[in-house]
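Look at the two complexes coming up: chain A is in both, with chain B in one and chain C in the other.
For the complex of A and B:
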């Protein structure tokens, strides 16, 4: 089980070592120690490996991740798992702004709270937040699922496309074109699976959530709004 | 960008290390602001002593015999402590205004960085590590302090454009962001009698708070007013003689992390700035909420 001391060897050495792991590798368990809030830790990994970062991270940890499971034993700075393609990223603490932004696939789990703009412009990623999320979350979210066990801040899902948003607590306000929608059997099933994979099934049940989605009123130009331009 | 660091000590045993801790935090924020750096230190008030921190582009000329000249002008004792391009003038507290107006005549090239009975401000163009070394920040003692590394956007890279800005006695403010209505707010404040040294947006924010506090507002209420009257992006960290405050605009895209233990309250633009603080592993670490005022007073 390789252990990498970021304080001793630096970020470039860590990331180039991780980038060299392509496809199948026998070195599947990695520990990163002394992260000290550094930027871009384990960004751009593309291998079936398991990486544990022992401490809090700075900007863009696990960005663009493919295949890897990356666990942060601390809190994450802005843009954790930004543009993730596949794999799993688990943050034991809180996440700063725009967690999972533009993510195209994979699963991001935040055990604490996420701040503003969580899942902004998400395009297929699944995000499970055990705590609450800040304002402008899921702004222009296109596809994928966001599950929030706590509350959501102002303007949830503003200008939303087809992402599904599930919130258990209070929503401070909904953004433009985001509405509450009926929870059907297929959604409960989806939620059950997401809660289980997001290590949250012991904390919440699918029936406790409400579903929010796009009213689809902003999709096409509406001639009645012509005066607004 | 821009980097901000701040420390408000609760445990007096850390006071001798304030400068060393702040200097380390400041240097960690170099890549957020390599243009210039500055620091405000509250070194603690002494009975009846007032401090004027001054800066000169020609310290060898301007600081020579400045204590003597000022003593002759105000007829009271003056102590001069030179630190590179800056100097701290100690005068009797009731002589601050007299010393200030005498300075304008005696040394027209000298700029006043701060005035008060606890605050000292040191700021210069250059890398944070060079600025910290130039002023020997790591040996400074005090109760609280605020540092800033600048990446300029709204005005030129000059000493006077560096942060912290001080527009009132023992007050200072640093800023990450940019204000969009600073010209109109500056006009309003000028009409109310405030004076300005620069065209900088941050100086307007500092003067706005000073004006509110002169009108009787407490630190918290003055900071609350920034949320309604100032437009733009901001994370402000504010110091007063006995207080330390933080506020972010409602959009809150300028980063901020805080940590609190029994020994201190700390602020960093990033968690990186806080990692070497004592007991950080068990500190309460959080991101200040948007449009929410946080302040501590002793």
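For the complex of A and C:
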């Protein structure tokens, strides 16, 4: 198993090594040590590999990830897994702002809490947060699923499009055009799968969640809705 | 019985003109602000207020048909492993697929490539029409991130992080439901037919310190190959330019308030931002103060129409310019030949700006297949190439007359201003004087 000392060799060497793993490779297990909060660790990886970062990361760890499974054995700075395309990113600790922002696919698991704007503008990613999320999460979220085992802060799902939000705890307030919706059998089935893949099935059951989504009242401009903006 | 004395003739208010009153009545009837495309329509100090002095006894001109006047430009020489080399310093500004039809994007790529310059994507992702027909394609990195993916980042020739645009500094985008076709909806991951809003801020960074880290991430993803541009609207050009340089930009793109947009509020277009004439010297000063002029390149846009405008922008210190509205006109937008159809839309050729409605009779700003089929991308591309060539020839003509063997050798010393306002904004002397308002002790 290759081990890469980020403190000794630097970010450029790490990412160029990981980017070179396109296609077939026998080097599928990577350890990154001494991350020391560096930014853009393992950004732009496009290979079926497992990368474990031993420590906390700075901004944009696993940015635009494709295919790879990236585990952060610590906490993640802002924008972890931003614009992820596919693959899996697992944060053992907490995540700062904008976790999973604009993500288009794949699965982001945060075992601690996530700060504000988690899942902002998400476009197909699945996000499972074992703890709570901060304010303005899922702002303008377009598609994908967000599962929160704890609580949600102010203005959840403001200006939401078609993303599905599942929260087990309290929601401090809902944002414009975000409403609670009926939890149907297909949603319970979806939740069960997300909890299992998000390594949270031992912590929560689908029936404990509420579902939130778009009221679709702001999809076309109407002056009578102006106060909502 | 009529008075034998003459009446005071009816007098309309300048403040409450017919146009103002009509807009008040329209607002009262509809309850919605006016949305339109294009750039500002108000009169502004502009390049028309500057003149070149030309050569005389103290300056030697170059022979127009014999002596070389180079026009090429390198962009992205600061950090990128693969900087861009263009034959001419007139580039095509970012315009989205969605706002424009697929054939129109193809025509922009064809024309730009044939003329030896770059074209730019927009707020809707990269289309095959544009990538396939563009020799040099700049990929915009926008707040909405519609269509954003690492594969397109890597097949772009440069990446432009869009912070703002001249038509609406501080504003986001808007694409009304009429133009959200199946293909546009799929590319943007949105339901068909909704009014699509593009955010005014990036979702995962705020401020110049974050921008520096964001640029680092993009460079890492693209292995430091691509030039990174940062585009700003003409708001605070001195500070915005300095902060973009500090954040690590290879190129600063500065868009004055004449720059167009696909659709936004008229009040925004007409009342926010500064004219490009006022912006360029501020940006150049920031680059000079940092010792980065010509090291970080400056592309300016907003109301560039002729080779004279190109030459004036470059004399003020820009490395290149970008055109948007002028390129659309070259393709056939607002052509008087379509007057009968403009009349049906209750407008006239030259004034048509309801691009957001998707009814463009020229087939350019539409997603209606019946309309965009009218537009021939091969012919459109040829027209754009011709226009770009003419602009370049015009700029060369002026540069030779000023004794310059490269467009980049034009300088403020070659210029004078026709108005006090233009002299103050451009930092060149008022014609017939050595007076630059605000300099050398002011008045």
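A few points about this structure:
One rule holds for everything that comes next: the second predicted complex is superposed on the first by the 223 of 229 C-alpha atoms of A that agree within 3 Å, B and C clash if a C-alpha of one lies under 4 Å from a C-alpha of the other, contacts with A are read in each partner's own complex, and residues count from 1 in each chain.
Note that a contact is a pair of C-beta atoms (placed from the backbone, for glycine too) under 8 Å apart; a residue touches a chain by one contact, two chains touch by 3 or more.
A quick note: this is a predicted structure, and the numbers were derived from the prediction, not measured.
By the touch criterion defined above, A:206 reaches neither chain B nor chain C. By the touch criterion stated above, A:58 is placed in contact with chain B and with chain C alike. Looking at the shared chain after the overlay, A:102 reaches chain C, while chain B stays out of its contact range. Contacts of A:175 after superposition on the shared chain: neither chain B nor chain C is touched. Once the two complexes are overlaid on the shared chain, A:161 sits against chain C while remaining clear of chain B. Annotation for chain A, partner touching more residues between chain B and chain C: C.
By the touch criterion defined above, A:37 lies against chain B but remains apart from chain C after alignment on the C-alpha atoms of chain A.
In the superposition on chain A, no contact is made by A:198 with either chain B or chain C. In the superposed pair of complexes, A:78 makes contact with chain B and with chain C alike. Touch criterion met: A:94 reaches chain B, while chain C stays clear of it.
In the three-chain superposition model, chain A touches both chain B and chain C at residues 58-59, 78, 97.
Those residues of chain B whose C-beta lies close enough to touch chain A in the complex are 250-253, 255, 257, 270-275, 285-287, 289-290. Contact residues on chain C toward chain A in their complex (touch as defined above): 30-32, 144-145, 148-150, 153, 176-177, 189-191, 193-195, 197, 199, 203-205, 210, 213-214, 216-217, 220-224. Here chain A touches chain C in the complex through residues 11-12, 15-16, 19, 39-40, 43-44, 46, 58-60, 63-64, 66, 78-79, 82-83, 85, 97-98, 101-102, 104, 117, 120-121, 123-124, 139-140, 142-143, 159, 161-162, 219-221, 223-224, going by the rule given at the top.
Residues of chain A touching chain B in their complex: 36-38, 56, 58-59, 75, 77-78, 94, 96-97, 115-116, 134-135.
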